[in-house]
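By letter and in written order, the chains are A, B and C; residue numbering begins at 1 in each of them.
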Amino acid sequence: MAVITQSSGAQASARERISLKKRPRPGETIIQSLLFVSGFISILTTIGIVLVLVSEALIFFASPEVSLIEFFTDTVWAPEAGRVGILPLVTSTLITSVIAMIIALPIGLSAAIFLSEYASPRARGYLKPILELLAGIPTIVYGFFAVTFMTPLLKNIFGADVVEFYNMASAGLVMSVMIVPIVASMSEDALSAVPRALREGSYGLGATRLETSLKIVVPAAASGIAAALIVGISRAFGETMIVALAAGAGPNFTFNPFQAAETMTGHIARISSGDLSFDSLDYISIFSIGLLLFIMTLTLNMISRWFVRRYREVY
Amino acid sequence: MTQIRSLSIQSVKAVAKDGIAGGETQAILETKIHAENLCMYYGSFRALVDVNFRAYANKITAIIGPSGCGKSTLLRTFNRMNDTVADTRIEGQVTLDGEDIYAPDVDPVAVRRRVGMVFQKPNPFPKSIYDNIAFGIKLYNPRMPKSELDARVEAALRGAAVWDDVKDKLKQPGTALSGGQQQRLCIARAIAVEPEVILMDEPCSSLDPISTLKIEELMVELKRDYTIIIVTHNMQQAARVSDYTAMMMMREDRAGEVIEFDETETIFTKPKDKRTEDYVTGRFG
Amino acid sequence: MAVSPSPFPQTLPAPPEIGADPSVRRRQRIGAIGQAGLFLSLVIALVALIVLLLDVVNKIGGMAVYGYRVDPLTIVPSIPLEELSQEELLQIARDFIPAERLDELPDELGMTLEELTTDDLIGVIYNEVPNPETITARPLDTLADQELVEVLDNNITDARFNQLNAEKPFESRSREELIELIEEEVLLESVVKTWPLLASLFNRQAIEEEIQANYPGSEYGFHWWLTPEFIISDLTTRPETTGVRTAIIGSVLVIFFTILFAVPVGIAAGIYLEEFAGKSRINTLIQTNIYNLSGVPSIIYGMLGLAIFVRALSEFTSGAAFGIPDPPPNGRTVISAALTMGLLILPLIIINTQEAIRAVPQSLRDGSLALGATKWQTVRHHVLPVAMPSILTGIILGISRAVGETAPLIVVGAAAFVTTDPSGLFSTFTVLPTQIYTWAKLPFDTFRNISAAAIVVLLVVVILFNLTAIIMRNRLRKSL
């Protein structure tokens, strides 16, 4: 290697040296602060939500007509008449959500399994975006669908005297139509993240495609699927427009899905869209409902995130 | 296998005969980078322990050692690139021209300006070849006139021996070049900001032999103006281009240490440590 | 992998000859049935959604029967009964007084109708005939132009009358134009019955027969609800004439200010969390918090907006603090809506920005930092340009969410009846989704028709946004 030659070591040190000392960079500092403030806005949002809900709820519970026990046990919700049992609103929320999930879970999950395990890449390439597109349809459209299609359909099938104009079944069924794309899309993500090798190992043992899908791939993606399902439930709890249009226009304590009963969200939407006075008990009462709803969905979200973290598959 | 091994020893001897870094130059050697009792932690994991290392000005210093022993980690302490990894800290001292680069009042950005780096995988910016070079220059001279900027870009590309390959396509994306050209572009990018030291982390490991040769020639050219520290797995490369060599090894607790530091000739011909001898002759894992 | 291999020994006793083993054939049959079941699920899901879209489209046009809300005979001038002859009055009495009353009357009066004086006869007619003045009403098309203008003048407000005159002087309008004007302004020509679009297209014959049987003599025809006029018209109380211009402008304004607020803040927060935030407590808190916020129901954001922006900050959100003339009484304004919507889509934009930034290879950052670029210079010149298309995709999805989001705006803006176009931050407003909600709530077919028409407008916008985002993202995925 003849290229290796010796040279004087003085050259570099002759060059003017730049100081290593810290120098003020006001621009950098300002930008970093702005970025931090932006991030902090999310904390402020949460603080705002909690503060608003809790403080108004405290005022509500402090008023003489209201007691906490009555709140959770009375079956009539009529604040202006002094009855503040949240049960009718909660049962209606639960009934619509349960109807929605009973249908949306199996269908959404099955559709996801089909897309991920059976559909050709080409078909998947078309179907997945369609699902995502549908998941983006505003819920008010589903609400419209419920009153103009599902309710008349139910009346036709079960009889106009059995099915009320507003009813929980219609809202729940349409909610399931709304949730299917969400569950399917999220579950498909989880399923397609399972490595090929796992499937090939199963085929190698002579398992059929269905056996591989249900016994190998689905368990392997269990945490992602569980998260998808919980997000689905949380969506159902918080969904407003469908129930506001289709489920009912007044609280009603009933377990009959063909009867009208307003849900928590539906009630909040109706009360706050009226010409309400900010001092009325009606106005203050919706914040106690909001607080309960917030706690319910927050719990679900935390469970979902816990699932993902706790059982995250390391392939 | 044995053939290659003996070949490598032969070439080492050839280098030694060419006569590098003999005792006669020792007098004017100037220490550029000096690590003293350096320990480095990734979180609670100690990656380096009690490292003592020296890089002389206008010399090429090679760092060799088995995979995972902390070569890259050591190299990245010299320009504080490890700061970009969360939760790292060091103990001990690293100096650049006698100045502690980890002193509280030192700006890591200023350190990197003086200690440039070339990475294992060529990483040109997804911009035009021209902008790849001009970016660094403009960082320090935002208002440089176009003509001067053009001249500086050309000088850097010539300096990295890549000008002839790219002079007709300066506006094309740097990522469209071949691997070897990309790596020389990255070297050009590094020298465009006129650092004093260039750190190279296995710069040839993703290149073909011809590109490798070109970069090796380039390094030898560059040491006239720069101090170079290179990490390499290629014993022949270390023997061919470097003046000094540091041999690193992993201890039981997986912390890396420098077990021997000497002139390259000595490391490859009469190492003091048995492990070094095993390693350079290929007897080691 | 955590999956236990235990299912295999039980379910898969490796058969020697595949074709011959009956258990394999059984398993394959189950497999086929299972596959069909899975496929069916997908089909059900897609069919349900197709039905949903059809249901909407089905209502944007179709056969319709027209009628007048106001009886034309009650508004036209009539000939006073006093000017009629005895003969004519008797004729009217015989024609219009119910038969049994005609029989009873002579007994009550003590004499026959023919024996009454003209004045008494007129009195009897007034007593016995409902709406007696319509008997001698002159049909619209027999009136002179001047009389038509008088009819108009007598039946609409002076302001409207002058406005119409200003649009085109009555003297210069033709007879047909005047009659049409009366039909629209006074008689409130309206649709009394509608049929769905598909039935109207494929089964028109049957519908026409039905109309002729049930609505003899009525005008009918094919009526489109989704028309250019519908998009550019003011909001009115009548489905036949109303439009969504005010709502569209409201939506555009709200979305514009939402973007102005949420996009810079969202991108900045994403950059902060991905590039600058260390592992400190506060940063972990911010990150967890953002994930949790993304799951909070949108109506809760509405309540936040109602309590904070509409109520607590009403001084500012109504514009009163800024000296806006004539501020609205509370903060139910565009800015409150935009801020609420902004907070709602922030988590979405932040999470997406973070993912986009995370996908930028570390080697790019290293290359820039090693040149002595600062962190911000590195982000600004190398990370953001590479991440931008992906960040944009998320922004588009966020905007599309904001365009269709209804519940929080119902709470914040109230489903108000707003007929003037909003003009700025402090205007009261209505948006397309709340307008749809207001109409869909009314149990009348024609309101559902316009609700559907407005939904189509909304869906076109939302689907265009989403399609763009999805295509962009798939392109990006391929190019990586």
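A few notes on this one:
Note that a contact is a pair of C-beta atoms (placed from the backbone, for glycine too) under 8 Å apart; a residue touches a chain by one contact, two chains touch by 3 or more.
Given the structure is predicted, the values throughout are model-derived calculations rather than measurements.
Here the chain at the heart of the structure, going by C-alpha means, is A.
Here the two chains linked by the largest count of contacting C-beta pairs are A-C. Chain centres were defined as the mean of their Cα atoms; on that basis the chain farthest from subunit A turns out to be B.
Taking the mean of the C-alpha atoms as each chain's centre, subunit B and subunit C sit 66 Å apart.
Mean C-alpha positions place subunit A and subunit B at a centre distance of 51 Å.
Subunit A and subunit C, compared by their mean Cα positions, are separated by 24 Å.
Within subunit B, contacts with two or more other chains are made by residues 110, 113-114.
Residues of subunit C found to touch two or more other chains are 374. Residues of subunit A found to touch two or more other chains are absent. Subunit B makes touch with subunit C in their complex at residues 79, 81, 84, 86-87, 109-110, 112-114, 116-117, 119, 121, 123-126, 135-136, 139-140, 186, 189-190, 193, 195. Subunit C contributes residues 1-3, 7-8, 11-12, 14-15, 18, 24, 27-28, 30-31, 34-35, 37-42, 44-46, 48-49, 51-52, 55-56, 59, 264-266, 268-269, 271-273, 276-277, 283, 285-286, 289-293, 295-304, 306-308, 311, 343, 346-347, 350, 374-376, 397, 400-401, 403-407, 410-411, 414-415, 433, 436-437, 440-441, 443, 448, 451-452, 455, 458-459, 462-463, 465-467, 470-471, 474 to its touches with subunit A in the complex. Contacts from subunit A toward subunit C in the complex involve residues 25, 27-28, 31-32, 34-36, 38-43, 45-46, 48-49, 52-53, 56, 106-111, 113-115, 117-118, 127, 129-134, 136-145, 147-149, 165, 177, 180-181, 184, 198, 205-211, 214-216, 219-220, 231, 234, 237-241, 244-245, 265, 268-269, 272-275, 278, 286-287, 290, 293-294, 297-298, 300-302, 304-305, 311, 313-315.
Partner subunit A is touched in their complex by these residues of subunit B: 11, 14-15, 18, 20-21, 25, 28-30, 32, 56-59, 96-97, 99, 101, 103, 105-107, 110-111, 113-114, 194, 196, 217, 220, 223-227, 240-241.
Interface of subunit A with subunit B (complex): residues 1-13, 15, 17-23.
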